[in-house]
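The structures considered in this document are given below.
You will see subunit A twice below: alongside subunit B first, and alongside subunit C after that.
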Partner chain A sequence: MNAIHSCFKAQIGEVVLPGDVFQFDVSSVEEDSNIKSEKIVCGPGLRRNGDEILVYKSGILRHKQPSMYWIDSQQKRYVPVKGESVIGIVTAKSGDIFKVDVGGSEQASLSYLAFEGATKRNRPNVQVGDLVYAQFIIANKDMEPELVCIDSCGRANGMGVFGAGGFLFKVSLGLVRRLLAPQSEMVKDLEKIFPFEMVVGLNGRVWVKAKSVQQTLIIANLLESCENMTAQQRRALFKRVAEGAL
Partner chain B sequence: MPNDGSTKLSKNLLRMKFMQRGLDAEVKKQLEEEEKRIINDDHWYLDLPELKAKESFIIEERSYVPCEDLVYGRMSFKGFNPEVEKLMVLMNAPKEEEDEEVEENDMTRMDTDITDEEMAMRYGSLVESMKRKFAKKRERSSQKNEEEDVNHNTGETQPKKVFLKPQD
Partner chain C sequence: MELDINSPVLREFGSEQSLLSKPDGSATFMQGDTSVMVGVYGPAEVKVNKEIYDRATLEVLIQPKSGMPSVRERTREQCVRETCEAALLSTLHPRSSLTLVLQVVHDDGSLLACCLNAACMVLMDAGLPMSRLFCGVTCAIDAEGQIITDPTAQQEKESRALLTFAIDSKEHNVMMSSTKGSFSMKEMQQCIAVSQKASERIFQFYRDSVKRRYSKIL
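Moving on to the complex of A and B:
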């Protein structure tokens, strides 16, 4: 295992480009793995190709203990991944499935039975144009992605139709990840301003709602402007807003 | 037709059930052996080189969620949507070891929720009602009287109802 770790080690925190290769001595790894069954996890941006690991996204190589490596990249196009929670827009109702736009290359399908408490008799009330917070149960490059609004226990846990009277906008996938990071400073600064509600989908869609339309728009504009700001700039701006400059 | 060997019946015909009666032991044996060979023949064998069972030590993960420990996507602040705030606590609860601590805390909190006294009272009444359920109809009225005796010892047992002859 050390052979793999050492081949990554020099590049952690550095910029890597698509086509970069991480090579290691397979035989030594095999000997190692007989002793301790430790596994390397290749996150997004890294792909295994036989006995080497290829980079397929440009960005910064990140590492998390004990053995997780991934590329922290900036992108705007969403590629569905199984298990991720996204915000979708219902675009069509056809028979027993809804078609949902999630911002991927293809529309996802959402069964009417995949809602909490839904049965064949008791259909969920979903209209074309509604927003749904759902997670992917099938996301495969060769197949149509499929969404569900329940977890494995059949509970909604906040998924399903939402979004009366809020505002939906798109940001980059990198900003979404910064918003969802645990103990995110951006969110901590935002919540000091005024009470509001936010839904963040990993597909880059963000929905916000505050007490008035004006406040909703302020939050939305602040979030959008966070994209290209340093922490100091952000704090200064948020301070001005909190004081009532806007 | 004389069965002298000059004319031979086909094997498939000999294998049929109604033909078996007339067959002699030798021919029977021969047929059986042949059948065995057909079954034993490993004609299902695939002519492929043996696969080297090599366990992969690399797992691919397509999602950022486990890498960056991303939190639950619905948020509410300063009590704007209490339902979502409850969900946030639930979904962003620390995992594994810390979970146990939380559970322990919950247990102690639960203890304070219902005192031992309350529980005893509750179970006490439960026992009574179950007892009543299994009692016969006649026993029920007597039980009722007993209960009252136990609960308030002030006496005051109800006098047995008797028919009072009206005075006139």
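Moving on to the complex of A and C:
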């Protein structure tokens, strides 16, 4: 473990660029035959090439115990990943599938049977232009991505078609991940201003709804401005809004 | 002026990333008075006739400062495209399109090198998978046989030969070369050595600018 971790350690939390290489000293492991084989997980931005690990994206190197490493980058374009929840826009209805735009390179398909309580007789009420919150069940580079609005037990579990009202806007994928992080300070600070509903898709789309249109827009503008602010600047801005004209 | 291979003279450079809201990645790169702005779109949907089944289709468009793109822009586009293709891991996004749009803001010499640097910057900004970075360096050989790195438009006009190289960040190999005028084998080798030396400074600059960009969320 230490042999592998030591080559990453100096760089954790630092900016890395494509082409950077992490090498570990293999010889020390081979000599000592009673070391058990260790696994490390390379997340987005890292790939293995023989004895070394290559960086292929620019961003910040992150680490999670015991042995997960990935690159945290601020990009705008979404690439579907299996299991991620996203906000999609229904663009077409053809036979028994809906085509959904998720912001990736290809439209995803969504079966009409993949909703809670849907049967061949009882079709879900989905129109072109509707928003859906759904999860990827198939997502790889060689196949058309496929969405479902149910979990493995057949329950909606928060997924499905959005109700009327609310406001949808796009932010960077980095900001979305910061919003979804457990105990996100940003969301906690925002909740103090006034109550609102929020849906965050990992594809960079955020949907918010508050009591009035004005409040919805304030929340949306605040979230958009969080993109390029330090925690201090954000707190100062939120405080001003909370005390301000409202 | 005597040529010192170990510290080639480069004009001041500057850059900015993520400055446009619509594209998936954007950057500007300035070398002296030469300035290029780039936007990249992708991986996006691709037209059926341009689809490649095992990798992404890369398209590079260079818009001149005024007027329509001509043959000169076409050759530059090809140079930039082939360099980007060599650095990008396009097999990770098959059947999709990547479009790079470069707008020349001002041309004061070393334009192709500036385009290459801007292109690398924008690919990093968009978070596209790359196996290595690259940079462009232009060398001019004047009438007395002296090598000038990063020449201005005036210096380019007075030069006997003009060589532009794309250098990769891993082994500092030449990825692409574009030359004009006559020069000897030895002069070319010298120019490559100078460019490799100059590339280190540019790569360091890339690192510093990316660090600056991520400084707020570190």
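Worth a mention:
Basically, the second predicted complex is superposed on the first by the 228 of 246 C-alpha atoms of A that agree within 3 Å, B and C clash if a C-alpha of one lies under 4 Å from a C-alpha of the other, contacts with A are read in each partner's own complex, and residues count from 1 in each chain.
Please note the rule applied: a contact is a pair of C-beta atoms (placed from the backbone, for glycine too) under 8 Å apart; a residue touches a chain by one contact, two chains touch by 3 or more.
Since the structure is predicted, the reported quantities are computational estimates derived from the model, not experimental observations.
With both structures placed on the common chain, the touch criterion links A:235 to neither subunit B nor subunit C.
Contact with subunit C, but none with subunit B, is seen for A:75 once the two complexes are overlaid on the shared chain. Residue contacts after overlaying the shared chain place A:196 against subunit B, while subunit C stays out of touching range.
In the superposition on chain A, contact is made by A:43 with subunit B only, not with subunit C.
Applying the stated contact rule after C-alpha superposition, one finds that A:93 touches neither subunit B nor subunit C.
Comparing subunit C and subunit B on the residues of subunit A they touch gives the larger count to B. Legend: residue contacts after superposition of the two complexes on their common chain; A:59 is shown touching subunit C, with no touch to subunit B. In the overlay built on the shared chain, the residue A:84 is in contact with subunit B alone; subunit C does not reach it. By the touch rule above, subunit C contacts subunit A in their complex via residues 18, 23-25, 42-46, 87, 89, 92-97, 124-133, 168-170, 206-207, 210-211, 213-214, 216-218. In the complex of the two chains, the subunit A residues touching subunit C come out as 13, 15, 17-19, 54, 56-60, 73-77, 79, 104-107, 141-142, 174, 178, 228-230. By the touch criterion given at the top, residues 1, 4, 29-30, 33, 38-44, 46-48, 53, 62, 64, 68, 70, 81-85, 133, 139, 157-158, 177, 180-182, 184, 187, 190-191, 194-202, 209-211 of subunit A touch subunit B in their complex.
By the touch criterion given at the top, residues 54-81, 84, 87, 90-92 of subunit B touch subunit A in their complex.
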